[in-house]
Amino acid sequence: MKDFKIITVDQVGIGDRVSRITKRSVKNEAKIHGLRMALNMIDLTTLEGADTINKVKQLCYKGMHLHDAYPDLPTVAAICVYPNFVGLAKEQLKGSGINVASVATAFPSGNSSLEVKITDTKMAIDAGADEVDMVISRGKFHQGEYNYVFDEIAKIKETCGKNVRLKTILETGELGSLDNIRRASDIAMHAGSDFIKTSTGKISPAATLPVTLVMLEAIKDYYYETGIQIGMKPAGGISNSKLALQYLMLVKETLGDKWLTNQWFRFGASSLANDLLMQLEKQRSGNYQSKDYFSKD
Amino acid sequence: MSKKETKLNLKSNWDLAPSLESTSHVKLKNKYDLFIGGKWVKPSSGKYFDTINPATEEKLASIANGNKKDVDLAVKAARKAYDTTWSKLSGKERGKYIFRIARIMQEKAKELAVVETLDGGKPIRESRDIDIPLAANHFFYYAGWADKLDYAFPNRNPKSLGVAGQITPWNFPLLMAAWKIAPALACGNTVVLKPAETTSLTTLLLAEIIEEAGLPAGVVNIVTGAGDTGAEIVNHSGIDKIAFTGSTGVGKIIQNAIAGTDKKITLELGGKAANIVFEDAPLDQAVEGIVNGIFFNQGHVCCAGSRLLVQESVYDIVLRKLKDRMESLIVGNPIDKNTDIGAINSKSQLDTINHYIKLGKEEGAEIYQPEGKLDKKGYWCKPTLFTGVAQSNRIVQEEIFGPVLAIQTFRTIEEAITKANNTPYGLSAGVWTDKGSKIFNMTSQLRAGIVWANTFNKFDPTSPFGGYKESGFGREGGLHGLEAYLSFEN
Amino acid sequence: MSRIEVLKTYKMYIGGKFPRTESGRYYSLKNTKGEEIANMCTGSRKDFRNAVVEARKAFELWSNRTAYNRSQILYRIAEMLEGRKAQFIDELMQIGSTKKQAENEVFTSIDRLIYYAGWADKYQQISSSVNPVSGPYFNFTIQEPTGVVAVIAPEENGLIGLVSTIAPIIVSGNSCIVLASESKALCSVSFAEVVNSSDVPGGVINILTGNAEELIPHFSTHKDVNSMLYCGNDKKATQLIKENSTTNLKRIVVKKDIDWMKNENESPYFITKFTEVKTTWHPIEKIGASGSGY
């Protein structure tokens, strides 16, 4: 494994940069463009113990028909479910162009053997998953066993093969510092992840702007170093349009146009879509909207 | 692994639409008179000059041109106010007046920010988030000192000086007026202040606020005009103290002019700060600090980090990150909320900056500016880097006062310290490293009045500001800032 | 037969050495009866220039010593002076002091050295501050020595004038070049000998003798001198010094009408007149504090 130079991050400095970006004012056509982009970048997600066949079906329908009252809306990027619902989702989404993403590797804790994690991953892939969202072993990370973490990611990527994209969840809320988030990002990218992702959604804090900025900077450095483009997925806690646009502004100013597509940037979210839709309707009609007019699935 | 083409497209297709701050609530007068003895009086010469918006070159208002006679009136008004009211008030009562000023400034913050931006060219983001809140905070901070001076200087029996003559610069018009007026009043002095001629408006609005706050007539007097008006203040025999912020050249002239008198003086002058980046620094935050250090307020900042010193091992990466960051800087209409770099304050300052850019090129330095178009009207300068410069380049030695950064490299701590201190100035310095002991080594070796470690261009009313060597003497801000407006028994 | 006395040669003190003036000039110092008692060096522009070079070198070393060390060295000067007090009393009497006055001046000088020795590791504690800025930054303000300080010592006093000006200047880490009282220069050279045997690094204290009017223009225009103390009442000289200070914005301190024998003229605020105020900022990470995260 590569000998990772520790790249340090100053939290206050990150905060300064984030606050510069969040003060960007996104209005009118720029706002509409941003809202549409954000919709198209959503991994519409349900990851509950209580998930059922009908819940997943409804979610898939929503992903394809976000708000039929509004013409020419994009769809979401993917539907994200547990491995046992992958087959169902795949079938529901047939022909829609929407991917199926599955969490795997003993999600959300990641506390299991490598064998089980590989089996879990295989199960999702065999059922037709286009993307796998794995979790890293945070315990091993805290024990300083970076090679273990690296090797595990590399093995899962090997299981995924070329065609299934691997999104590696760092569970940043458990890593304890921005320095660690940077280090985990570097490990995940070097080990072969296609995406790095902040959170499972099960731990608070989930995605934040400072954490995302740290990860975007890591992606940028890796890109310059290797020429390999890595995607970014903040997940959890992004539920309104203003925040989503701020995330996109981070991407715009850190990585630029190449990343402003759902090939390279995703939001892991469940309730964000409706807020984006409300804002789009507001832009179109000029009236502030009520949640009662948008379907909740 | 073969390296692929790596180029980021940071000039995104997703352009931000114009987002202009509303100016409808701002009601400027056509003509501003002098504020003397609590009244608005016409200049004795009857003459006015125009103040323009440097982003559009359009006239904003006429400003009275004060002369010797006006200054004399103002000093007499200030003396009268000092003798009859202000010096007789208890500290507590003085403080309450100053608190009032702070509060009204907060209430009118939006208006002040918009006018500051229209008159001076700085981005509304900065006047809204930095200049105006800090200015109000200064009044708030010093108001609280007015009745506590004995605690600041125990056993020294602090006494006010009398009439303070104050001359402020055009780069932070309202903030510098606050830096000067607030401690002067808190210490029991009265004031005659002259703002810079290109940016008088917010100081005049401050005079209106002071009027509204009900301060006794003559405690604060504003005499607008150019350098010759300032000279009348400096040379007036009724002035007990001079406080000047501006160029080192003018500061020396002032010091010379009052050499034969007992006037107290504080000078806050130029700078050519080194911003030093070590290889173990948090580099992305360092880059943000570099950008904030030199492009804040178009580089019209005396403590700007105008010399970047980068350790050679990370030079390439820092330069690349810096250039990337500069791609996303928006140069343009200062009143647009998304603007990062506004208009250069005046035609003459633009000429000075362009002169140095030309000089840099002639000296053989390599120039870098991001792509993009500038408006035809107004005074603009792109953020500019010079690489391949030596310590002996004039763009490394002289204060440019614009968005122009000269980048040098170093190998060792010793070399960094030597280069950083190798200047007649000593206002500020920056150092970026993750190692605590190295920070303290650097901060103790750097001969500068303000050292920002792992940050840059931060200001606060509680934090003393001022320079070593030819950057001036005396401090503004904090407890130390009180000392400039008091006399002591020992 | 009475013994022939060995007369003392009065030289100057530059960089820890005792050179004669490079100019070869001298002036006669007379006692109260008008008898010549010594040939003093008339220090020149070049002597001053040499002294500044030494002072600059010494500043780097001296200002990096610990405050405790500087304190002990000032105390050491006092100890040495105490040991040689008889000589100083004698010298002061030669130039016109009564025995009582001379004793008083020497004892006050010794005590003053001890007074300032005690401040070395304390003056910062009453003049520095930690500033509660409204943001996540640790911000503190400390004093640092200004650098090389040129001093025109008071003409009226011999020893006490020297001690009262040198001690507060060097205690913070400055180095100095002092022009001793022209008419009362006798003990200035003896004081240099005390300094030289007191662990004070060479160049921290440089003592010249000569004529103030001649040297003031050079003291005040030298660009490697950071600060200047003028003790005297001459208005024209004061104005000239202030005007000349603009060559490099020297910090000018003027002390007029001071009775240096009085305790009220010793003060920590005299120390801080020869210091610069430095403020340092550093971010404070907010992780783990209540209600904060990343």
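For this structure, a couple of remarks:
We just call them A, B and C in the order they show up, numbering each chain from 1.
In the analysis below, a contact is a pair of C-beta atoms (placed from the backbone, for glycine too) under 8 Å apart; a residue touches a chain by one contact, two chains touch by 3 or more.
A quick note: this is a predicted structure, and the numbers were derived from the prediction, not measured.
Legend note: the chain whose CA centroid lies nearest the centroid of all displayed protein CA atoms is B. Of all chains, A has its CA centroid at the greatest distance from the CA centroid of subunit C. One finds 36 Å separating the Cα centroids of subunit B and subunit C. Here the spacing of subunit A and subunit B, counted between their Cα centres, is 44 Å.
For the pair subunit A and subunit C, the distance between C-alpha centroids works out to 68 Å. In subunit C, the residues touching two or more other chains are 137, 283.
Counting partner chains per residue, subunit B has residues 454-455 touching two or more of them. Residue positions of subunit A touching 2 or more other chains: 10, 12-13. Only residues 10-13, 15, 172-173, 176-178, 181, 205, 208, 210-211 of subunit A touch subunit C when the two sit together in their complex.
Subunit A meets subunit B in the complex at residues 7-10, 12-14, 16-17, 20, 23-31, 33-34, 37, 217, 220, 223-224, 226-228, 248, 252-253, 255-258, 260.
Within the complex formed with subunit A, the subunit B residues making contact are 1-6, 8-19, 125, 129, 280-286, 288-289, 292, 320, 324, 327-328, 337-338, 434, 454-455.
Of all residues in subunit C, those touching subunit B in their complex are 129, 131-135, 137, 139, 141, 144, 146, 226, 235, 238-243, 245-246, 248-249, 251, 264, 267, 269, 276-283. Here subunit C touches subunit A in the complex through residues 136-137, 283-287, 293-294, going by the rule given at the top.
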